[in-house]
Each structure stands twice: as structure tokens, then as C-alpha cells.
């Protein structure tokens, strides 16, 4: 009587889909690289590639945080403004410390610590409002987006906050120098990506994010502290925004009300292009890295040629984004 | 044993929650009005109120479309850019028709028809990519957002497209005049809102939107043509963007690459403040109207006082948005 | 596996005068209940009697309005949200409770992952998951995503998850509702193994033979009241049913009326192939009840879904009243008078966040449109009809369907399907989670429909149901049709022979 | 003669004035490309500082530019990146906005932001000798706006002119309309409006006309948009004057840079394009029917 389920032959369809889903973003990346090579011989030059990767590192690091937030079914629209206000306060703190600490790494490190700390605090704020206040993440972070943006405008008095030049000179190598010829931003981006991948796949926290995003009730019944995990995703996001700003400040040496505008959209786009689902439950860090690099390359490729009117850059970008995701189609529809 | 459902008295707990959910946005609106009154005696003047409502009508009409899209579990980020490109093409078409049709209502009506048509076409494009292409709505509309924005910049050659002055004079009353002292934009907004409420609550289409947003599988098994209904929401959204543009063009008679920037965010914010859930399955048109009016009033109130530094406008806005939703808390968390 | 060797063991978990109200609605009235180590204590009762509510209270998911819980001799307040698991009280929810995006192995260890040096030991978890699947004889790969599993496999994963936890009290809310006989037996083996080790098991089921087989004691609830707690040996299926329903249950199955041999074929299926099934041919005559039997996953659902246009047909022909049809949308099949009722009420059948009314009329909204607008009063009338006909018990029509008891959800779904007044109805597990009393009603409804000239395909894993109702029975195995049984051949043994692949053939019967 | 590549980097056309910058840059490039077939131009417009830095990095590393003409959207943020271009041995022309370090650029073609504010202030002071109430519609909270604002405020210092309030109108017609509507609701007595930008002026104009108060006040804008210039030339009482701040300065910069590289015309130093008051009398000089701005 006790007959077990029959042997269902291999499921080719599913395997195929999974492949496309995995290969999709990589394929889009490969096509873009081919396009770049065909347009300009310097495309593959070491300089160009490190330039593109280093530039993508800010958004990349932020997008890795966003992958956790989105996987857990959340959303953070405030990251761009948060970056601006963190950059602003960091610069103010460093300028303010010069009289006491003098020019040197001391000031820079104090500034860096401030940046990370502020990111964490901003994350705690967002996360607490969302989890304890039970307000939709969209609304909370839309609100803090405005608040942070205003704050930096206010601090800069409508203008620009600039880092003291001598300190900027000390700090500059953090963006422009590197290790064994690889610029620091790329190294930090790579480390954050590897760390993110490990946390997402090999820690309980990563697994809980997916579980919560997939089915909050199930997660709760599995005695996961849903609110805490979710709060943690926002804190992680904040801290990573802080890390991104650490690399951003030595590049621009200033912050203003326009710093980081639309970064949130770019970060979320990178995450989604990478194959993470916006509704939560499934996240892929390496996909996000690929997605962000795709976005970075689009900008680079537009600069490699003079065929497309700069007015149409946005259209090209839009088409590539849609195509990149079309390559992974067959996925469940949103 | 076949007893039908017994009559049970009202349940205070749930009833109370429902009340808060319903009353929440209205309460926020009332508080804002009180704040306005206390700040400026002209706040309640007929002129000020019609100004604010007429200004809110574009976003309002768009947000009503967005309510359907979001209720059905979708998202449309392209509405702002879509509005810009529709306005641009409308103006070009009208200018181009003057030699053949002469100055007069003929040209204006041809322009209006173009606007509506273009909205529909844009909606068909978005909707088709999403439903047939099976690409996440976020990505498709992020893509078309860039494409539409580029298109209008390209058409305007980076500048501004201006409507011929004589035609603009003919067209102007559509924004500035009205019926019995009520400006046309307010009348159209009201009609669209009433129509939207009726469609959402008293037609199969509205019910299907909620069903799809709630559980797409169930909708499919219940013989709902999920793809068609969803496509229709995007077409409706497009047509309503067209209607909004019909009212926008006569106001200033011009369109440029800045037209409609961030309208998508404002529209979505209005929808969510009004109590519709971003994940779909539940939509409320009248709530959206209240949400949009709240957003309109915030801007108005900020201009009516000098207490808050203009640098902090965004912060005020952010705080009010969060508070408006906090007033309906008790809802299930996002 | 008796509770003890004569000495009355002390209860490990007991409920003392537990009452529960949702808002002002009382659901449980002063219930006393206890469970001893090594014992299987069954709870039975009609749909909505309060069984699920009681065990939710016993596992901390819900808090009682009054009364106390004693665990291990101490009065305790159980922690919420499944945290009682840490104390050894493990619950399998009535409704599937898995996150669709996760894999089987991730689901099994969710909330108590195995770690090494702070990191997940994925290999170890996968290995243990595979071992668990093996003991349960389930063909689920630990890396399979839950969303790709059949309902039965999902339930087996839930069971695997529950037995993998170190339970002292294991509570199962209708675990067998979606299981076939084979899987049920496997589950029982595991339960016996656990009780032998002293685990206490609380078991809810509407299948009375299972209760008789497994339980040591039975508690009967009715309308939130405790009717009795008795030893199983003092019971017969009939007496249990009587206690549950409060009246004599004479004939569960209505008498079979003789099918009309000359009745026209209303649905003809030839060489149908689709995802999961190959080469299926059968005929359905007017006024006939055609049973579909087979093991879980044998492809019966796949056949139904391919017929009504829910899944893509890769080959074969379908004829309705002799005319070839090709449904690509469910709406087309509904319009043609062919309706399918899914077995997955939570995932595919009902909108859990909406009220009864929109759920009931969703399939047939066209019928409630007057001058282009929805006619609310017509919908209300439909709901009244359905509530009466299917005995749907909801305290309030505006309550979200997700809050109804499982059986009442099932009845609502039945009502929803019948709203389309189909000539041909494919019912997939129509009595899943339904109490015997209502089951009897539904059986009579099915028989009456057939008598009226409607035709019914009855997909069911409850062998007795198929045997008791069907005029003919189609048996499937591994995506193929292995036999068609008629008349006296319709016996449990014969069906099993075809289902297990020991026997096959008699194709000549297909178009009998 | 060798091929010469010139990179041109400007902010994206995100309002009327930058739209004009894009337009005039394209025009100059098209014209000069035909005149000098050996000169190749690389043109990029960027919505923000990081993108603009990326653009010039790409110009150096992949397009091999010999010279860079740049109108930095946010000069403070761009300074060190532009300095790197200079350090790589390229000829650098900076347009409109001063970098935060002196001596980076070879050539500076500048607009005069404080002057724009001061000119407007002088005119308003002259028109309202006994003082009066005015309102200010500002651009975006960025340094240029601050410079204009400061120039204006020091210009009216000591007079009886009272600034009722100032709000940001984001260099945008729609916001100009909204803010002006609300100012009109709030203040019964307004003698003049300073918008510092013609896009904002156009929005404000409509609001004033709607309220029927065009007789009570006048608007002073800035930048020299054709639509406003036409009104000035026609003696419109609502916009009696404008203050020039032509986006065509980018064309001047490109021309100067090209002639330096190709024509051997040595150019260096600062090249300030003054902000002048445009009145009915001199409006004709500034009119250009082909300009989209």
C-alpha cells in the first residue's frame, strides 16, 4: 500500500529557465563589452576599465545594501539624500577638527568614523519608523529622502560644503590610489560584494531576509524576529551608504544639495537588473554587482562615440536596461 | 445543522482600526487646513483654494490612473516623462497645423486629440512590455521614463517648445476659465475622480484590478484575463496622463525637458498617502484625491509663511508625509 | 504505543477552562484538554468548531481570552509566533505555511539553521534534509524550491520540518488532508516512531478511519463547546460522527443512480498531452460522475488544467458535445459550460484578504452587472444562496476569507465554482478539509447534479469517495492513463493495482 | 597639421538656461567642424557632478582629447577632476563658474553672477526710489543662486526696498507659477518681482496675469530668453527690462579654444562676459530669432 511518488523525469524547462535567469545579466554585460570594444580600441584599456569600476563603486556599495533591504521585502528611497547629508556632515566635522587635530590622517579617520556612524544612525531611524511605526517603507523613506536633502541644503546654506584643501590632499589617495595598481574604491567594492554574498548565502541573517520577503507570516511562525531582521537591513543599508560616502568625498571634496540625486533609482535599478525581485523573497548579490557594472558601462559607452546625440543618452540607457532584463525573461511576471 | 451566518454585533476592535484607516488621511488634511488658517487669513480665500486645487489637478488626474495600476500590483514610473513628451508633441502638432487649419479651436481640439491618443499609445507600449514581455513593471517604466525624457529633450533641442501665442490665447481658458466660477481643471479633476471611484468600486474592471493585485494566480483561475486587465490599467494611466496634459499645456503654453520631473514620485506618494497599498490588492480613489490635495496644500502652506527657511521645505514635506500615514497606522506593515 | 504501561502518566500539556473570543465573537467556551507523553490525542469536530483555534492556543500562536495552560506541570504563558517551539511544542499549521521562494532544505531548517563557525552549514542541512525526505519516502530534492512542489509534497516538507524539530508535543492540524493513502501511511509510521519515544501528538483530521487507526483518545468539539473526550476503543466511526454532528449519519454516500448507457458524450478527450501528462484519452457522458484516481502527482490535476486552458496543451484533441474546442483562457471554458475547481484553495482558489462576496462572484462577475455596473444586491443574493446551499459558516460576510475556518473556505470555493452553473464540473479534491456532516451534503449535491444531467469529473485522493460516488473510475499513473474501471471492478484493491502500475490496459473502455 | 580633439562638457539641459548652453555648444561644434575638418569635437552633457567627472575621465582615457572646454555644473566638486585633466597636459577652458582653486584653467570665460543680481537691484532701486515691497523667486539652492542672491541683496542695501519673502522656484516655469500664485495670495502689496531667471519669469507672469495684478508690479528676470527680450523690445510694462546672462558664452569659449589650438591665436587668462541690463533701447542687440532659448 505504501507506494512512493513516481519518478518524474528530469525537468528540462525549469533548468532552462534557471539558466537564462542566471546567465541573463551576464549575457547583457558581455554584449555591452562587445559593443564597447567595437566602438573604441581604448575601451579595454586598463585605465578605462578601472575608471568605470571605480566610478561604479559608490552606487555598487549602496546597491548591495539595497539588495538586502529589497530581498526582505523593503525599499529605501532615501539613500541618495542620505549620502549627501553624510558627505556634508563628514566634511563639516573634518573642517572643524583641523584646529584641534591638525592636518593629517587623524582628521580623515575621524571623518570616516563619523560617516559610518551617521549612516548607521540614519538606518536605525528609517528602520525603526518602518518596523515599530508600521508605516510603509515607501512613505518613510520618501519622507526621509526629503528630510535628508533639506538638511544638507540647510547645512550648506544653499551652497556647497567644501573640504579643506590640505585635508583633501591627504584624503585624495583613498579614491585615486590603490593596491597593486587596483584603485581602493574597486577593492572596497569587491570586499563589500564578497562580504555581501557570504552574508546573503551563508548566514542565518541572509536566509531570514529571503524568508521575510517571501512570506512574513511564515518567518514569524518560524520564530524569526521579523522586525529586528528588517531593522538590521536598514541599518546595514545606512552603514553601506556611509562606506560609499567615504570613497565619494575624496573624489569630489565637496557636498551640496545636488549630491547623490537619483542614486536611489540607480541603485534599485542595479539590484533589479541583477535578478533580485522587487517584491522580495529572492536576492542575489553578485547579480547586483553585474547590474551596477552594466549601468556604469552604459554611461561609458555613450562617451565612446559621437553617434548618439547626448539628448538621447537617456533613451539609450532606458533601452539597454529593458533589454538587460528582457534577456532573463521567462521569470514570473511582476 | 444548516444554520446560516448568525447576526453578530459590530466588532469594536476591527471597526476602530477601519475607522482610523479611513479617517487617517482626512484627519491629516484637516490638520493641514487648520495649520493653513492659522498661518494666513487668505488661506481659506476662494482664490487660494481654487489655485491650489487647480494646480493639484494634473498630479491628481495622473494619480487616479496610478491608483489602478498600483491596485493591480503594478507600477508606472514613466508618467512624468510621458507627460512631458505628450505636451511637447501636442505643442508641435498644434504649431504645425496652424498653416492648414488657421488659428482657432480646430487646432486646439486636434492638439487635445493628439494628447489623449499619445497617452494611450504610451500606455499600450508600457503595458505590452510588462504583460507580454514579462518584464518587471519597475524596469519597463524606468526604461520608458528615460526614453520619454530623452525624446522631449531631443524634440525641444534641449530648450523649450512653445505654443504659438495666438493659439495659446485660444487655449488658455481651458486652464484659467471655468464653469460657475470653478476652474475647468478642478471640474475635470472632480469628474475623473468620480469616474475613477465608480469604476474602481462598481465595475468588474475595478474588482479585477484588486483581485489581480491581491493574488494573480487566483485571478487567473477565476477566468480573469490577467494580462488584458493589467494592460488596460497602463492604457488608462496613459490616457489620464494625456488628460492631465490637456490641462497643463494651456497654463504656460510650453513644454521642456523639465516638464513633469518627479511627477511620478508625487503621484505615487499621493496614492499611498491615500491608503492604497503599494503591493496591490487594495485601492481607494477618494483616498488618492485626499492624498494629492494634502501634497498640494503642503507646498501652498510653505509659500504662505516665512517661519521655515526655504532650505527646509523638503524636510517639512517629508515630516508631513510620514505623519499623514502615521495617522492611519495599525495597517499591516509593508 | 499506548499511553503507558497501565500507570496513568501525567499530562505534559493541558488546557484548563480555555475560552477564546475574536473581538466579541466567542469561538471556544471553557475547554479542558490534555495530552500525555507517548499518546496520540485526536481532536475532531465540524468545520468552524474551533479545533484550529484550540491548537493555536496550545502552541502559543493565539492567546486565550481566559483559562490557563499547563506545561510540564507548570502554569505557563506560551510565547507567541512559534517561539513555543523552543520549549518543545511544534505545530504544523492547517494551511500550508512555507515561504515559496525558499528551497525545501532552507524551509526545513528555517529559524534553527545549523551553523559552523557562525556560518550556515549548508551541506549538513542538505544532507539531513535528504535523509528526512528518505524516511518519509518523498521524492523532493533538498534544493527544490517550494514554489515548484505539488501541494502534497509541500505538506510532506512541512511534516519533515516538524518531525526534524525536537518536539515533546507535536501538533498536526489536518496534515493528511492533501495526502494520499501511501503518504498517510508513511506519516503514521513516523508518528508511531515518535510516540514510542514518548512524544505527545495532537492530531486533527476529518478522516474518521484515520482517527480510529491512530488515536488513543478523541476529543470532540462542536460550536466551540467540548462535547466529550473518550478513549478510541470505546468508539465506532458512526458514534464519532454522531457526536460531531449531533445527529445520526446514516448514508454517507447517496445511492448511485444507474447511468444512462445511451447518454451522449459531452466531453471527449483524445491523446491529450501537456506538461506532466502524455496521451490521455477518455470520454465523459451526460449525467455521469467520472472518478479520477491515482497517487499524488500522477497527473490528474495536470489533465484538468490542460482541458480548461490553464496550462498549455502540447498535443491531442478535446471535443465538447462533439465539437472540437481549444481553450486558451479559463474564461472560454467557463463560457462553454465547463468549470474547474482547484485543489489549492489558498494559492489559486480564494483571495484571502477579501470578503466572502467578492470571492464568491469573482468567477461569474458578468452575471452581476446591470447597465455596465456591478449590482451589489444581486451579489448579496448570490451569497445568501451559497451560504444556504453549502452551509458556509461565517460570522460576518465582510470578514476576510483568510479568517474563515479551513472547511468553510472550501465550501465557499465550491459555491464559487457552482455559481457559473456549469454543465461539466471538474472538482479537484472537493471535500478537502470538510467535516463528515458537510461531506455528506456535498456528496448529495454532487449526486443530484449528476441526476439533473450535469457531468462531473471527480479528482480525489480519498479512495472511498471515488468508489462511493463514481459511475466509472479513471486511474492514472506517472502522467499516463492506466485504466478505466466500471461497475463491480471499482474496488480499492483494483484501483491500487492500476495506480501502482501492477496492472494496466483495457483501453477499449476509454470510450465506453 | 595633426588632428585635434576638443572635449566639451556641459551640464544636462535641465532648465531653460542650460538648455541654451547645450544648444549653443552644439551650434558652435557644428559650425567649427565644417570650418576646421581636422578638429574633432567630443560633446557630453551630464546631470550631476559624478557623471560630469566620468565624462571628462572618459574623454581623456578613451577619446584622447587635446583640450577641454567645460562648464562645470558644480565647480567645487569638479575642481580636482579638472585639475587632473590639466595635469595630464591638456589645454583647459572653464566657462561660467569659478573653480575652487585658482590657476587650474588656461582660459576662463566667465559670466557674472553677482553682477546679474546687482544689475537687477540697481534697476529696481531706480524704479522704486521711495522703496516698496518686493518678492524674490530663487533658483535651486546651489552656489550660483547664492551669488546672484548676495549680489542682489547688497545692491538694495540701504534703500527702503523691503523683501517680503523669497522662495525657491527651481529655475522652472511651473514652480515660478506656483510660488508667485501663493505670494500674490499672501501679499496684497507687491511692487516688483525679482526672479533672476526668465523661465521663472514666464511662470510668474502668468500667475500675475491670472490675478489681474499686472498693473501693480513689474518683473526683473535674467538670462536673456528670446521670449522675454521680445516683450522688452515691445515695451511690455510687466517685463520692462531683462539682465543678460547669455548661454552663448559656451560658444565663445569653444571658439576661443579652437582658434588657440588650430589657428595659433594665443588666448589666455580671463574673459568676462558682463551682465548688462537689457532695456527697450538695446534689446535688438540681443535678439536672435534662431535661438531656442
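Which chain is which? They are A, B, C and D, in the order written, and residues in each are numbered from 1.
Just so we're on the same page, a contact is a pair of C-beta atoms (placed from the backbone, for glycine too) under 8 Å apart; a residue touches a chain by one contact, two chains touch by 3 or more.
Remember, predicted model here, so these are calculated numbers, not experimental data.
S.K.: Computing the C-alpha centre of each chain, which chain sits at the greatest distance from chain B?
M.R.: So the chain farthest away from chain B turns out to be C.
S.K.: Starting from the mean Cα coordinates of chain B and chain C, work out the distance between those two points in Å.
M.R.: Result: the chain centres lie 44 Å from each other.
S.K.: Round to the nearest whole Å and give the separation of the Cα centres of chain C and chain D.
M.R.: Each chain reduced to its C-alpha mean, chain C and chain D end up 72 Å apart.
S.K.: Averaged over CA atoms, how far is the centre of chain B from the centre of chain D? Could you give it in whole Å?
M.R.: 34
S.K.: Report, in whole Å, the distance between the mean C-alpha point of chain A and the mean C-alpha point of chain D.
M.R.: 34
S.K.: Among the residues of chain A, pick out those that touch two or more other chains and give their numbers.
M.R.: 153, 157-158, 311, 313
S.K.: Please output the residue numbers of chain D that touch at least 2 other chains, ranges allowed.
M.R.: In chain D, residues 13, 22, 141 touch at least two other chains, as defined above.
S.K.: Chain pairs in touch?
M.R.: A-B, A-C, A-D, B-C, B-D
S.K.: Okay, in this complex, where on chain B does chain D touch?
M.R.: Residues 40, 42-43, 45, 47-48, 51, 55, 153, 156-160, 162, 176, 251-252, 254, 256-259, 261, 299-300, 302-304, 306, 310-311, 313 of chain B touch chain D in their complex.
S.K.: Chain C touches which residues of chain B in the complex?
M.R.: So the residues of chain B touching chain C come out as 1-6, 8-9, 11-14, 198, 201-204, 207-208, 210-211, 214-215, 217-225, 281-282.
S.K.: Can you name the residues of chain C that touch chain B in the complex?
M.R.: 22-25, 46, 245-247, 310, 329-331, 333-334, 340, 342, 347-354, 358, 362-363, 365-366, 369, 372-374, 384, 387-388, 391-397, 416, 437, 441
S.K.: Please name which positions on chain D make contact with chain A in the complex.
M.R.: Touching chain A from chain D are residues 13, 22, 41-45, 47-51, 53-55, 57-59, 61-64, 73-74, 76-81, 100-101, 140-143, 145-146.
S.K.: Which of the residues in chain C end up touching chain A in this complex?
M.R.: 61, 81-83, 85-86, 93, 97-102, 106, 110-111, 113, 115, 118-120, 122, 137-139, 148, 152-153, 181-182, 185-186, 275-276, 295-298, 477-479, 496, 499-500
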